[in-house]
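Take a look at the structures below.
In what comes next, chain A is part of two complexes: it sits with chain B in the first one and with chain C in the second one.
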Partner chain A sequence: MRMAELVVYGIVLGSIIALGAIGLTLVYGILRFANFAHGDLMAGGAYVALFIVTGFLAWIGVPDTTFAPLSFGWRMLIAFPISMLAVGSLAILFDRLLYRKLRIERSGAVILAISALGVAFIVRMIILIIWGADSLFYRPGVLRPALELPLEVKIRPDQILILGVVFILVSLLYVFLQKTKMGKAMRATADNMELARISGIDTERVIIWTWGIGGGLAAAGGILYGIDVQLHPYMGWNFLLPLFAATILGSIGNMYGALVGGLVIGVAQQVSTAFLPPTYKPAVAFVIMIAVLLLRPQGIFGGSHR
Partner chain B sequence: MEIGGLLAYLVSFAIMAGIYAVFCLGLNIQWGYTGLFNIGIAGFFCIGAYTSALITTPKPTGIYAHYVHQVFGLNLPFPVGLVGAAVVCGLVAFLIGIPTLRLGEDYLAIATIGIAETFRLIFNNEPWLANGPRGLMGLPQPFAWLVDARYYNYIYLVIILIVVLLVYLSIEQGIRSPWGRVLRAIREDEISASMSGKDIFHFKMQSLVFGAMVMGIGGALYAHYTKAISPDVFTPLYGTFIIWVMLMAGGSGNNKGAILGAYVVWGIWIGTTFMTDLLPYTLKARAPYIRFLLIGILLEIILIYRPQGILGEEKKVSKLID
Partner chain C sequence: MRKGISYVPQVDNVFPSLTIQENLQMGAFIRNDDYGRRLEEVYTLFPILREREKQKVARLSGGQRQMVAMGRALMLDPQILLLDEPSAGLAPVLVSTIFEKIKEINATGVAIVIVEQNAREALKMADYGYVLAMGRNVLEDSGEALLADGEVARLYLGG
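For the complex of A and B:
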């Protein structure tokens, strides 16, 4: 049952895509521009964690032991939240330095998107300058035994943990958006920024939170991909099409849609490897996106036509 | 460097910047005049280059057929290659316009990225089509019999300048016509343009296809300049990003700005090669990344401090009032 296995791998990949897509759709919904740098924020998170794990924590002497069946240990546990914070702060910094200035000048959404494209290349070039163009791993050469599930599905403990981490992060975000004051303010701003502003919501604070959360989730997604597969300077670029496909499929601005869209794209990409060379994965996401644009451009969760 | 060497260097610089000027002019039709957000220029670059290569090279025979695979080879002259590249790129742009041009501008952007990536993947993974990752070599150069190979670049520079001039004049002609005014009306305010009875979708489609055809010509010019192409040439960096920086630097909505931007930014790019010599040996391989980082920072500075570019948009009402 090779197909069952591919579907399971697809869910793992899809949950990683979903973390990026949720951040992308939040930014899209609130700031109303396509953040072409989102994939590279994921890559940035993965590499910040790499620096912390193999550089900083090794330097201060945190032991390199792993948690029994997993491929990582204390170092990654410490690096994970720090890296999320760092990329969240980085996203806020880019907003303060660039996007906010363009917003004040009332530049159009496309100018903001071009600026984001510039940020994407800047982040990628910094990664290439520091780490070079080769693929890297958090722990090279670790034997990663697979568990055998029914239907001959082989899965690594790391992959089960990835699903758990994504589940926890999405749940936390759900509680944040539904229960906290800032979460409600974010939803109100996504609905109608002018109305939110005259209701006394500090929309600039909302924007800062949006970037922080979007950047943090992107970092988490990038690190989990690094644990599951590898780190590569172009991983962010390769994530871009799946991210947008997931966001459009799930209706722009809809967090739950992005989650579902991410899973659909992830499964489709992995299942396609049964028929196509795996390098075609970004093209698979693209074809699905075109099909959505032709058949239902507002996405599965969108009400009226945009 | 002796004078002859310096001159040859300048000529090769002017050729490459001239090829980029063609892409900038194509993007200027789409973005500068119509506000169409194409960030998959590399895709049209790639399709144009490969189309012209397949049209102008013969299909390999004998022993070569074992090493070079291509789906067809028509062995036709260079101008046919240029026209073929334009036609195929126009067709691809038409197909990509159908699902995206009725939607918001971001959709076209994402779809063009998708086209660029997909074609690069196809040319890389399908060896029967155009020899896979090894690419095609030995593309013919027009008028190559006229002079010694050492001096051929002078002839090619003339060809490039003629093409740039023709493209420039045809866009100027179009943009000063009623058609051009509709494009700019769409860019400024889509709703009011459609309330004036203009079919937005069709005008956007014409602009997208026209721009893509120009980009296809640019791709073909590149292919016959280097004589060898492979899929890894058409990356988002060299194929898309730098062209956007060029147009933004020169001034979008201004054809002279598009050409100027190509020469200025390509000059900065070539001019920073000296950095490679300044870096320690271990970092030399990474010098291009540092230079591209600077280009990225340049784009952000332009967007914030001089969004209109060096020249800014020219006021163009009609060819009758100049």
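For the complex of A and C:
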């Protein structure tokens, strides 16, 4: 049954979309700001990891061996957290240099959105200048055999690992938001920034944490997509529509909604390929987004308060 | 705030998606010491909050939210508590409960400044009152004296 396989692939794609959508929704929840550069942060993360894997780690002589059934090895294991840190820092840097200044000047939502679009172009053009317009792989030529699961589902070990990594990252974020002081302060600030300030919460620090986490998760999503499929300078741009569809579907600002929304959009996109040419995948996300906006603009997890 | 002044706004004065306990914790955000004892004191003042500490504030009634808001502000053990219209939007029976609580807080040694449209109730318990008209201080006296003042009653207390 091909449908079962498409659903599984959809869950893999959806979990990657969810990593981006969670960051997007966190940033929106705190800053009320639609970050059109979020997809390109994902691409940025993928390419930073590529630089570390094929450039830096090759140069210092880390062996290029792979972990048995997986398509990557030590190099990726090292590059993954470094790239998350790098993109998290980059997101914070853009906030300090650009968005924060616009916030202080009380710029409107349109100006913020356009400047985010500008950031997106900058990141994309840097990728194009350095790596060119071709698709790239972390490890070209590696065999990627698939495992045979029941219901004729073929899945690569890489894809199982992707699901595991997303599960771990989302669990860590959950614990952070629920149990730590900074996590609670983030939720409080998303609820009501004015009151958070009155209560003595350092909202600028909350904003820095939010960008750091959003950027880090975006990088993770981009790398996992690079491992699963390939790297492409326009991958971030192509992710933007599914990211927003997932965020809106799961109610903007709601992290758990973004997770569910990401999975729904991922599955819908993959299942659609049974009926439509794969080039229509973005259209599927777009149709879902329009339908949600028309029928239930507050999303499926729309809060009752306020 | 570090000087011991806490403020409770009139509206949007709680974090609805956080639990009661988390709301109170946020009130103590700038405290780096152990605020457990202060939490106990606030719970003693508002026992209902202890009972429901794990509940989300979004599901509470207006009166309970007002208690959460005051509890949050009290977490820093302030010397002065500013309350903006604490009775606004509350049912009359709750208004007296809230005013009772305000008196209890005052008895613990916290000075309280209230801006209140329910002037008669507020003046009854106030030590000192100011009547503001058009943003200017037109009258000041003890709460009792203002209540007894015929002009104040006629102009501001509705006869």
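Throughout what follows, the second predicted complex is superposed on the first by the 303 of 306 C-alpha atoms of A that agree within 3 Å, B and C clash if a C-alpha of one lies under 4 Å from a C-alpha of the other, contacts with A are read in each partner's own complex, and residues count from 1 in each chain.
The working rule: a contact is a pair of C-beta atoms (placed from the backbone, for glycine too) under 8 Å apart; a residue touches a chain by one contact, two chains touch by 3 or more.
Values in this document were obtained by computation on a predicted structure and should not be read as measured data.
**Q** Once both complexes are superposed via chain A, do chain B and chain C end up clashing or fitting?
**A** When both complexes are placed onto chain A, chain B and chain C end up side by side without any clash.
**Q** Write the angle, vertex at the C-alpha centre of chain A, between the C-alpha centres of chain B and chain C, to the nearest 10 degrees.
**A** After superposition on chain A, the angle is 100 degrees.
**Q** Answer with first, second, both or neither: which of chain B and chain C does A:R296 touch in the superposed model?
**A** Neither chain B nor chain C is touched by A:R296.
**Q** One more residue to check, A:L195. First (chain B), second (chain C), both or neither?
**A** Once the two structures are laid over each other on A, A:L195 reaches chain C alone.
**Q** With both complexes superposed on chain A, which partner does A:P282 reach: first (chain B), second (chain C), both or neither?
**A** first
**Q** Residues of chain A touched by chain B versus by chain C: which partner has the larger set?
**A** Touching more residues of chain A than the other partner does is B.
**Q** Quick one: classify A:R187 as touching chain B (first), chain C (second), both or neither.
**A** second
**Q** Touch test for A:L128: chain B only (first), chain C only (second), both, or neither?
**A** A:L128: touches chain B, not chain C.
**Q** Thinking of the overlay built on chain A, is A:R139 touched by chain B (first), by chain C (second), by both, or by neither?
**A** In the superposition, A:R139 touches no partner, neither chain B nor chain C.
**Q** Which partner chains sit in contact with A:K101 here, chain B, chain C, both or neither? Use first/second/both/neither.
**A** Only chain B is touched by A:K101; chain C is not.
**Q** When the two complexes are placed on top of each other via chain A, what is the minimal CA separation of chain B and chain C in Å?
**A** Scanning every C-alpha pair, the shortest chain B to chain C distance is 20 Å.
**Q** Considering only the contact definition stated at the top, list the common interface residues of chain A for chain B and chain C.
**A** In chain A, positions 306 sit in both the chain B and chain C interfaces.
**Q** Over in the complex, which chain B residues touch chain A? Could you list them?
**A** My answer: residues 35, 37, 39, 98-100, 102-107, 109-111, 113-115, 117-118, 121-122, 124-125, 236-237, 241, 244, 248, 285-286, 289-290, 292-293, 295-297, 299-300, 303-304, 307.
**Q** For chain C, which residues are in contact with chain A within the complex?
**A** 1, 7, 9, 12-18, 22-23, 25-27, 29-30, 58, 72, 76
**Q** Name, in rising order, each residue of chain A that touches chain C in their complex.
**A** Its residues touching chain C are 181, 184-185, 187-188, 190-192, 194-196, 198-202, 303-306.
**Q** Within their complex, state which residues of chain A touch chain B.
**A** 33-34, 36, 98, 101-102, 105, 107, 109-111, 113-115, 117-119, 121-122, 125-126, 128-129, 132, 237, 240-241, 244, 248, 277, 279-280, 282-283, 285-286, 289-290, 293-294, 297, 306
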